[in-house]
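One chain, chain A, links the two complexes that follow: it is found with chain B in the first and with chain C in the second.
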Partner chain A sequence: MNDKLTLKKDHLPAFLRKLSKDYRLVAPIKNRHGDTIFTRIDSSNSASLDLDNQPQNSIKQFMLPQREVLFSYHAKTETGYEFNPTDQINEPTIFFGVRSCDLSAILYMDVTFLQGITDSHYLEKRTNSVFIGLNCNQPFANCFCNATKSGPFLEFGADLQFTDIGDRFLVEVGRSKGIKIVEKWGHFFSAAEEKENKQQYQAFLEARGSFTRLVHVDQAIKRLQENSVPEKVWNQLSLRCQDCGGCAYICPTCTCFTITDCPLTKNTGERIRSWDACTFSGFTRMTGGHNPVSKKTEAIRQRFMHKLCYDVKKHGRPSCVGCGRCVDICFGGTDILRFINLACEGS
Partner chain B sequence: MKTLQPEDYLPRPAIIKEIITENSQIKTFVLSFANPEQNTDFSYQPGQFMMVSIPHCGEAPISFSSTPARKEMIRLSVRKAGKLTSALHELQAGAIIGLRGPYGKPFPMDYLAKRDLLFVAGGIGLAPLCSVINSCLFNPDYHGRISILYGSRTPEDIAFMGEINFWRQNPDVKCLLTVDQGTSDWHGATGVVTTLFSQTEINPEQQTAIICGPPMMIKAVISELNEMGFGDDDIITTMERHMKCGVGVCRHCHMDGKLVCVDGPVFSLRQLKELDVMEIK
Partner chain C sequence: MAGLATTFGSGAMTNSINEIENAQVILVSGSNTTEAHPQIARRMLDAVDRGAKLIVIDPRKTLLAEFADIHLDIRPGTDIPLLNAMMRIILDENLVDDLFIEMRTENYYQLRDMLYRLDLDEAAKTTGVELSKIYKAAQLYAQAQKSVICYCLGITQHICGTRNVQSLANLAMMTGNVEKGDTGVDPLRGQNNVQGACDMGALPNVFPSYQPVGNIDFREKFEAAWKVNLPSKSGCTLMEMTHSGKDGPIRAMYIMGENPMLSDPVLSKVEETLRNLEFLAVADIFLTETAKLAHVVFPAASFAEKTGTFTNTERRVQMVRPAIAPIGNCRTDADIISALALRLGYAMDYDSPAEIMEEIAMLAPIYGGMQHDRLEACWGLQWPCWDRSHPGTQFLHKYYFTRGKGHFVPTEHEPPSEMPDKKYPFLLITGRIYHHYHTGTMTRKSSTLNRECNEALLQINQVDADQLKVRNGETLKVTSRRGEIKLTAEISEQVKPGSVYTTFHFAEAPINLLCIDTWDPLANCPEYKVCAVKVTKP
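Up next, the complex of A and B:
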């Protein structure tokens, strides 16, 4: 990102209004229950933009919907069976206010769905997406993206990257989609001055120093690689896990899915892709009941090994992005933070 | 690298041309694509599998039991075990199912072509090995010797008799059967498949062993083969796991960091020993 611009905060609503004319605009919106959730912005909710709180969801659901129709089928008679791709309506979408952790998660999803294979359902949405990131000046209570090296500031991945520097945003221009936006709505932007660049760097330094949790992700990775995580850690976590799948559903990088048929009539139906969780006992169970992952400890181990060991080996970095959402959602206390802390005990 | 087509996850209609009843639980479905052009373009290798679709039942991975060398239609041998396979068993010739694939890493056929081969199978596990055996027998450049050891639960459970009778006509093939529980009219061997090792020529220097069957059988066979001096590269097996996508994304078939659908299903013992896998634990 070379070009740095600024956008006055007073001008943000008008800028977003312009964007929402050309694109579906998705941003963190505080709803009437007080929850901040990535939602499509329209005239009814645009005033509730909330850039102060961490959105409860990530943008995973927009790229890999919880339930997605892969195609429809028609078993016409005894001898007919047709498969019809469903028309995918993927509007050009701008995701605004995406935190570094969530954008890092998108980069991980790219690897999962587009490296080696091309998952056309994902590719369609990805091609139609523009990401406007927001660097985190103030990490939230359970954040540890500094330890997973996916924040608090992001150096690449966004089309435009915003940093709050007081009464304005410093705007870094990323890829061509970002250039297109600043060119089209150039009158909202001014060239950044040296003082503003310094303000951004100052904000970065302050953000980096204000994490409240000390999380030794690297140490946990090392212990998993050495296979030196004590058995009692797996036992304790497996006893606590309530098998709700909440951690996987809320996680921006958990992309395991299942595929099932959903009958609509006697002869027609849809093939559905939906979220799944490796901690569910049915995840690996084969027909006839045989299950290679028969114990809860093995399922829990798979979850953390995948995030912190297998992905490090395969992609050079863990797939936990340190967003802390599983810490918030796990009522059993089986979240990745507890695992990392237990795994590092006594070291 | 495999590139999915834009219609990814989309099966192609295939006609059941013939159904061979192998035993009370196993049927072999002889299939060709409904669109004739797709038959011409289609190729696969022994050890690979197809994702089979049945209306309202979803999909299941099934290995080829046919060989591409015989230029025959696709054969998939299926044991009736769950919802999809039971529905498949209900179908008659002429019915249409969905197929996508082929997926997975095949057996190392170029290497196997230079070796004597020892096949050890249990139950439906003979299905993917049929593909390898017949590929060798129909390969004019294959001059090795083939031993097939096949274990079934009871004489009634012995499947693939058509293939077995075909192999037994070949002087270079030795095919031995055993059952766990004999009946009064069974005059063959009784006992687990490993008891057949004493009745066959074992030569780890020249032989490569190829195994498929229930996990307990795989484990017992591997352990004996190792003791008899087979190296880890010369013990090859094919693994069964729950699968959904078949292309390495959904992760249902995870196996200690590997995915059976893309890293397998064929693995050498050397590869398996680097992993924490129930079949060899």
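Up next, the complex of A and C:
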């Protein structure tokens, strides 16, 4: 089913209401403080759906929660430790309004958590997820997904892909879960006409031409591969890094985590997985005190090498999706845009 | 507080945080800004990126000092001779703003006479900084059109803290770098709401909005609103309360969100005082060292669980709203106080924090136009904000100083009360680090922050470490005339030979056992920044 469909914007609330009968629905919602955040939609907030602003969070927190109980343990005197997987409540979930960068990030997380050793916690959430993407007609101030080749329009990865073409959305059907939705709620959709297909292409052309930032990701990758980024760049960035970890927490593709055992009583406890950041000195410090990444410059180097060099080598593409969130959150001015600009200086 | 109040008439940041970005010269004194005020440091670094000049006065080579055009690494406690020398140079070089002095200030000639008596070579010798560097700094600061001064506890936590501040104010007034945008004298506040606590009269001598208790008009206004008799005499200062010992005048205390059993100097004295109270109640979010001594502990709600306002360092009053429901049985501080007052026979009949804010707006003129509905609609308002049509105040003292005319207070060097000697040869400086906040009652509960830093390190120069045959990570015993503690050595070029540096966040190494119990007589701020210690292997 490759034909394109359309859905009138007037019918979007009704469509979402129908979807929420079968699924938990997560979408960008503007809260009462004016922040747009991916939140679960219910009857109380469905009116605040906000497709005009970039959500401050990404989908990461739903796939890899900030804090997740992996299993609980019980130490018994006769039989030793007994481990019990925690009951995961993973309702089938539709993520609506996911922009190209965030969807690309999910595809990257799939590689991390599903290739080789499969992470069962991730897999379960992933199989229960349906993604309805939204192509970006107007990139935001810090966006550079064109340079990381993860937007502004996405051609694969979503179950349904929406494009805003004025009073309606052009809908492309991707994977089988998308087909199921379109079949069940067929009366919301009409077949797209030639004119509407052209409108979509026009929107793509305009979006591609409206990035405000010129970011030379390829050039920075090349310089990292050649090991020709001047030492003073690393020094300058490391002096300014405030070690808050904000970049890693907000990044849709940063998946580093730490494991802690949390005792609940004398004999019982839980093993917890929580977000971590490679810029923390404690991330690499060993029990004896030795730290292979001892200097701040090394930690910063590791971060950008991983995103722009190691992942290119391993997967053929950088793991930065150009969403620009770290540019907003970093208050030291050591975000990836700054790095790329500094690394390209004088080239 | 006292320093700027006597010179300008208002003890708060004269200008706003964003203005720092636009300054041409930034003079930072006694502030480890990147660690203690990272958001403000970011503005400073942005300014430097845009070509602003940075002067850092600090005995240690802090991270900010690495960015400085001039780093004046003075001997601790010699701020006044340094600033006086700078002012003398400004005078000699004819960089004084005569018109500003004439129009907006008073008592200048007294300062000038004192400066003419100053011997520059001697001043340079006292501070330990080359005179040529002081020259360069003075010229930089005075020649720019827009120079701003930021200072922090490295200025105030000295026996001459108030007069240090007055010297900075002198410098700013002498060059006309105040009363306009992108200039000023900015004390960086240590806590998110310490400005608000002062504004609300959590000081011994004033009602909210700095209305003196000694003034009968103000007193009658508050008596009418609160329907009680109010004292006309000032209350006790913190040091008088926590250091009065066994036979102190205070019999009962109610401590909220403060941990004097770790934060105040000479902890043995604090413990003696608190243990001898007839009644001690403590409200805090965790069981602190102080709460452990209490007869009654109230579990208080955290910032994330309540509605109200915080007033930040730039006098900006901002709304805080609950992100989560209160955990367990905890209640907000306002709730606890109201319930307590009711049982003591005084009904505080407020339905909501908004109603309390309405009362504040009525009684505290600088908060006159700040009701919750207005604060909710924006990123907060900066006081003074006299009425509901007032937009708030970006910088203070426009057209005239709050006290009328800016008052020059000439000051001369006063050495710290305890300097290194043969028996205690090291000078101990105390401060803060990035990963922990204050006495660690909150941050030490975070495993990530503890993983980054979980022990008090003693910074010591390589030269001294070699002499003591100490290696990185070795345990050292640090002894002063008041007590001893054990710390882990960190060999660092940040401190000069003869000085050692550590932080006060850690209950297992309570540095305030060592600190001296002298304080600034005007502001009652303890001299945390300088005391003499000896460092040995245990």
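In this section, the second predicted complex is superposed on the first by the 344 of 347 C-alpha atoms of A that agree within 3 Å, B and C clash if a C-alpha of one lies under 4 Å from a C-alpha of the other, contacts with A are read in each partner's own complex, and residues count from 1 in each chain.
We take it that a residue touches a chain if its C-beta (ideal position, glycine included) is under 8 Å from a C-beta of that chain, and two chains touch if they have at least 3 such contacts.
Computed from a predicted structure; not experimentally measured.
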Three-chain arrangement built on chain A, chain B and chain C clash or fit: fit
Which superposed partner A:His216 touches (first chain B, second chain C, both, neither): neither
Chain B versus chain C as contact partner of A:Arg40, first or second or both or neither: neither
Partner contacting more residues of chain A (chain B vs chain C): B
Contacts of A:Tyr73 with chain B and chain C, given as first, second, both or neither: first
Contacts of A:Thr260 with chain B and chain C, given as first, second, both or neither: both
Which superposed partner A:Arg240 touches (first chain B, second chain C, both, neither): second
Partner chain in contact with A:Arg208 - chain B first, chain C second, else both or neither: neither
Superposition-derived minimum Cα distance between chain C and chain B (Å): 13
Chain B/chain C common contact set on chain A: 258, 260, 276, 285
Chain A contact footprint on chain C (complex, rising order): 34, 38-39, 41-42, 45-46, 49, 63, 66-67, 321, 434-435, 447-448, 451-452, 473
Touching residues on chain B, where the partner in the complex is chain A: 1-13, 15, 53, 55-60, 81-82, 84-85, 92, 94-98, 215, 240-242, 244-245, 247-257, 262, 277-278
For the chain A and chain C complex, residues of the former touching the latter: 33, 239-240, 242-245, 258, 260, 276, 280-282, 285, 289, 331-333
In the complex, chain A residues that touch chain B: 70-71, 73, 75, 78-83, 85, 112-113, 116-121, 255-261, 263, 267, 269, 271, 273, 276, 278, 283-288, 290, 292, 302, 305-306, 309-310, 313-314
